[in-house]
């Protein structure tokens, strides 16, 4: 059977599946599940094209990895077929542990477990199922494989993950400010002292990449309406669990039921297989199906929150450089108590705070190295004297305050 | 409150909402529902980017309509603001009656009711809610408004619906063969004797449009794997309803439950409001949530079909110019009976036939008129002597035979 | 010295120069000359972006050739590095013999010598200069190299030349009807019985390619205003030569002077080196510099023709399926005689005929083979039963009549 | 006669000519001349696609102006048809005074006269020819028309000129770092207190615009090889004029001859019509035709410089933050004297210095105003607290040193 397939991708044209093992991993239910988990969660409420999935992103990152390996080989770096397959598998599976709407729900579904933890667990299960053929991929993913540059292609500030998500998110949102020249950056990659470096003449493309990332943060990832929608969803899950714990019955799919029923400890999740099995069958559908039904629940709070999400009555968001005025929050809360006839605790579902922070580049942490023409390595912020990149290394923190529009 | 909003669209850049009424219609739950109904149903199993929704398509068609009206006005045709808003509403709502996966399920959810019927019902309900302000839009939609060319912009072989779906479907699938020059075609539109016509120098763009449509049919809309997936889904719904009628319990969301419980006649649907209300809360989520749960149903047939869809074990499809060999079908069916221990009637869920047909252009039916330089009107097939468009008017019919791969 | 360079190309992103020999050929004055020869001659008078050069086209075709070779190798066909370099050189140099505005001037500059003849001569000269390292490339170019499929990549109805020019011409003119999926077609290429074939699933992309080519012919290559401009230029050269032969002095650059001074026979051109040397220094600049100066010549005919070209007063063109009416031509000619005070022979510069013909596909002549899933080979016109490709094989012939607008 | 034409533009799709007067201006020989003046001079030697002309740029800027006017009107600003036509004419003609290769030759062709001076002269001549119908356009261009915002659309740090040239230069060079969202920026334009302002939510698009401009400077406009080529051309003109003044005969077209023959003072140029007439017939062709012929001149210096340009043997360029070492320059110069047997003064043609400087944004000078949601106006650098725009306001200065490669 021919397992070398070509997949149409509107971003890159065509993506070829390089080996049979990769093909089999893509066919695996763990990976197919990613077809039903949107990359950008509720962002489509603001950018209606943003329905692309983690499945598609993983394939895209795999495609870029193929290009990167080819480039490095053409520059004389020996990379074996086994290493090539391993690094491709590592990037393909890097997000396999994401659950539905993980920006909003990561802590709501399973406490104290990150998607990285779950990715590691799923990769290990797959490795068992595939007779240890993923061992090298896992080492690369974890950074324990001797050749560090392979890990950096999977995870660093200029990895194939970031390049694909910037390309893809900007393609599907239509936010052209996020367009990067991944082609050009990849063609400029090189390896120096076992670290990935960008050749000097690619410096402007890297600068563009960092700025594109910053602009995508402010225009998409941290767009205040997106944040409002995701907070709304987080509140919905929180309220539904609260009701369940109070003995109320709420509609759920079986997979979601498992996680609403009672808290699962980190230890339990790590050690009892059925938790992971349930997790592996959970996707966006479970959440949205429940939210739609809950919109008719007799609990005022749950029903209102769900109605607001389903019909896109999103909350007002104030975004500020300073923490919002406590007095104002109290007022809003009091109005909610009076208007809806709810308790102050319940009012916190309709008036709530959050903070967001972003820095486009973090020197020191998987930093971006420039290979100068004279063979020296410099950090990107030092490499370019015309650059304003130092500013990008500043962390920007903002406060947000969300509340139902009818409270003002 | 400012209701003039701009929406990012990766296909056209930006879409402006032209009036407050249009804004309010877009905010209406009937229209927001389209956010959760994919334009191309199960096509994303073949083209992973094809997750765009009927919501987005309707906005896109609205955008093109705005351009068309502007072009016609610039050529001296009087179109009042009221007519402009009405024709924009007509195109915005043209697909409002679509249910989830309507290619696969139109007949499974509600028998003898087409999505056009439901669109008409929903538009009338909206018209009541909006105090009759949709009356002209409805007349244009129905073709009863005196100025025919407005209806033709909404529904004909060169309408804004088709132009947007070709643009949009080719954008999100990545099938570049479907790209059309909607900009150019729209700039060449004119009105002659109250009919839409394309100026002679636009003839090649129209030819390209027809060919793009044909290529999209064969590469996307009638792609054999897409058809296999949609038939699989249709069989799933059929089986689930069969089980319900046999008294079996099957998981459903409340909205889906309404339609699975018992057959609803056309008359009942037309006359009893609660059917339409239930329909208006049904979307892709209800279907996919059920399918996921049914994959664990104790009925072998339902569980197997659902598992196959969820994990993308799609069926083999033979596509032929002649009807498939009866003998071969019987053999396959017998093997299914033996292999799965099911009845011959049940075997028909795993071995089944269909036909597909397509003609890219139908002379006579909302046909495409070319306005020659001398002021005469010709049908597109007659207007161009270098053309091979007559071939496009031929209907092509194909037979398809689907069966589980392990039966061969 | 590092001769592996990357060139920015707006069509494909980046073009890498694969070997040092290829680099040196690109640097050679014969090849650099192509920087100053526009691919589409006077077409920029209709499509102002169409200023791209034969230099850029040759690089683009080289890029596509690299992709094709990579694809064929991935499918298990052995192609040595030497063959790869040779076929890349063959495509790089395939148009090296083009002179300026060769559609208009091929016969005016050197009689009875085609650009193919001159390409062969220049390749042989280069082969001598490069110590025979182009021998295999020349064999491939001529079709005498044993492996035919390599020649077909350079010259057939689906060669890299055509793919690049369709991509490039449609990019720079902005005529989106000409966009093809070269990526997809190339990924579908295979070799069967030493002939290039396209795998069956690529059939729609090939169909799109043929139709794109047809549409480009009618919209660009045979656009009537383009033809009028090129005929005008041809007439200008003819008149200038006439004047020179009559002993008049006309301004020329030295390179053009060589070819205007007296007719050069095919034999002389083939055998006396200085003709080719002069030819190799001739480009668009020589022609346009002369035309600008001639616009002030005292010969009424030459000055008027040149003024008309420089200031873009292009002639009226009637394009018809039947030969134009002789009577009408005589009338126009008489009016020119009277109006301008010129002889009837001179009037023929302002009133003249031409024919154009095109067929998008020629069965039998380097025809396009489809490799069916069953391993059989079919001609494209036979491979697709839904196809209307037979119509594309028809030759379409048109008559054109050009005349100065003020004669009607 | 129908003068409303549509022009294909690969950048924007289609450009419509809005009025008859605009059509007639485009047809005028002064404007048609721009067809033969490349926007980016010798840049095509580095980016082979960069052959687009000032003609095309002017049309593109006109197109954007049409969009801007439409946007402002939709926001309730009254702009009369006459003002619309005038501001469109102002942008159409804003570069009409550019000569061939003006970056390289502005000072070589006519001393002490800028292209702005010549634009003004040509506009006045056109105004006379068109019976004063350009008066308002000229006032807008000069900033003397009462409504300042119209002038700012033509000339400011966010004018239609810059937007088009960034779009167009990045399109034709293929440098994707220069892509801007002109659509989005224009949709965000507004007028406040008779000044153009960008609405607050457009702030990221403006930031992207400024950065794109900066990256285009370093990657294209100030690319060291481009600078080397333009300096080479400047030296060629300087040498040819030197020879002419020494009584040597050099080949020229008549138009170029006028300017080489003897220096023309600013006063003479302003007051004697024949200078401007000659200028208006000068384009890239005149320069390149001469350079090609001069490559065979008996003067060693001129011939060598021209040969180097024609065959693209460009000079080595050192680009530094500090002035280059005087000692090193002297050494290079001495080597040139010895190697070529020329005088030290002549050696300066082969070893020469220049400086380049750039700042992406100049606060205070036609600065970019942001219209905050509260109705206040802020400078772009103050409007965004996450911004690193202040860095863009720094002037960056670099020193370049060019010399023939064989001198090291």
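The first chain written gets the first letter, and so on, giving A, B, C and D; residue counts start at 1 in each chain.
In this section, a residue touches a chain if its C-beta (ideal position, glycine included) is under 8 Å from a C-beta of that chain, and two chains touch if they have at least 3 such contacts.
This is a predicted model, so every value here is computed, not measured.
Asks: Applying the document's contact definition, name the chain pair with more C-beta pairs in contact, A-D or C-D.
Replies: C-D
Asks: Please identify which chain has its centre, taken as the mean of its CA atoms, farthest from the centre of subunit B.
Replies: It is D whose centre lies farthest from that of subunit B.
Asks: Express in whole angstrom the distance between the two chain centres, defined as the mean CA positions of subunit C and subunit D.
Replies: Averaging C-alpha atoms per chain gives centres 32 Å apart.
Asks: Rounded to a whole Å, what is the gap between the Cα centroids of subunit A and subunit C?
Replies: 50
Asks: Please report how many Å separate the Cα centroid of subunit A from that of subunit D, as a whole number.
Replies: Centre-to-centre distance between subunit A and subunit D: 44 Å.
Asks: Residues touching two or more other chains, restricted to subunit C: which are they?
Replies: As it turns out, subunit C has residues touching two or more other chains at 13, 184.
Asks: Using the touch rule from the top, collect the residues of subunit D that touch subunit C in their complex.
Replies: Where subunit D meets subunit C, its residues are 7-11, 13, 27, 29, 32, 35-36, 44-45, 47-49, 51-53, 55-56, 59, 171-175, 251, 253-255, 281, 283, 285-286, 288-289, 292-293, 296, 310-312.
Asks: Report the residues of subunit C in contact with subunit A in the complex, numbered from low to high.
Replies: Subunit C reaches subunit A through residues 6, 13-14, 16, 183-184, 187.
Asks: Which of the residues in subunit B end up touching subunit C in this complex?
Replies: For subunit B paired with subunit C, touching residues are 176-177, 179, 181, 184, 204-205, 207-208, 211, 214-215, 218-219, 321, 385-388, 390-392, 394, 396.
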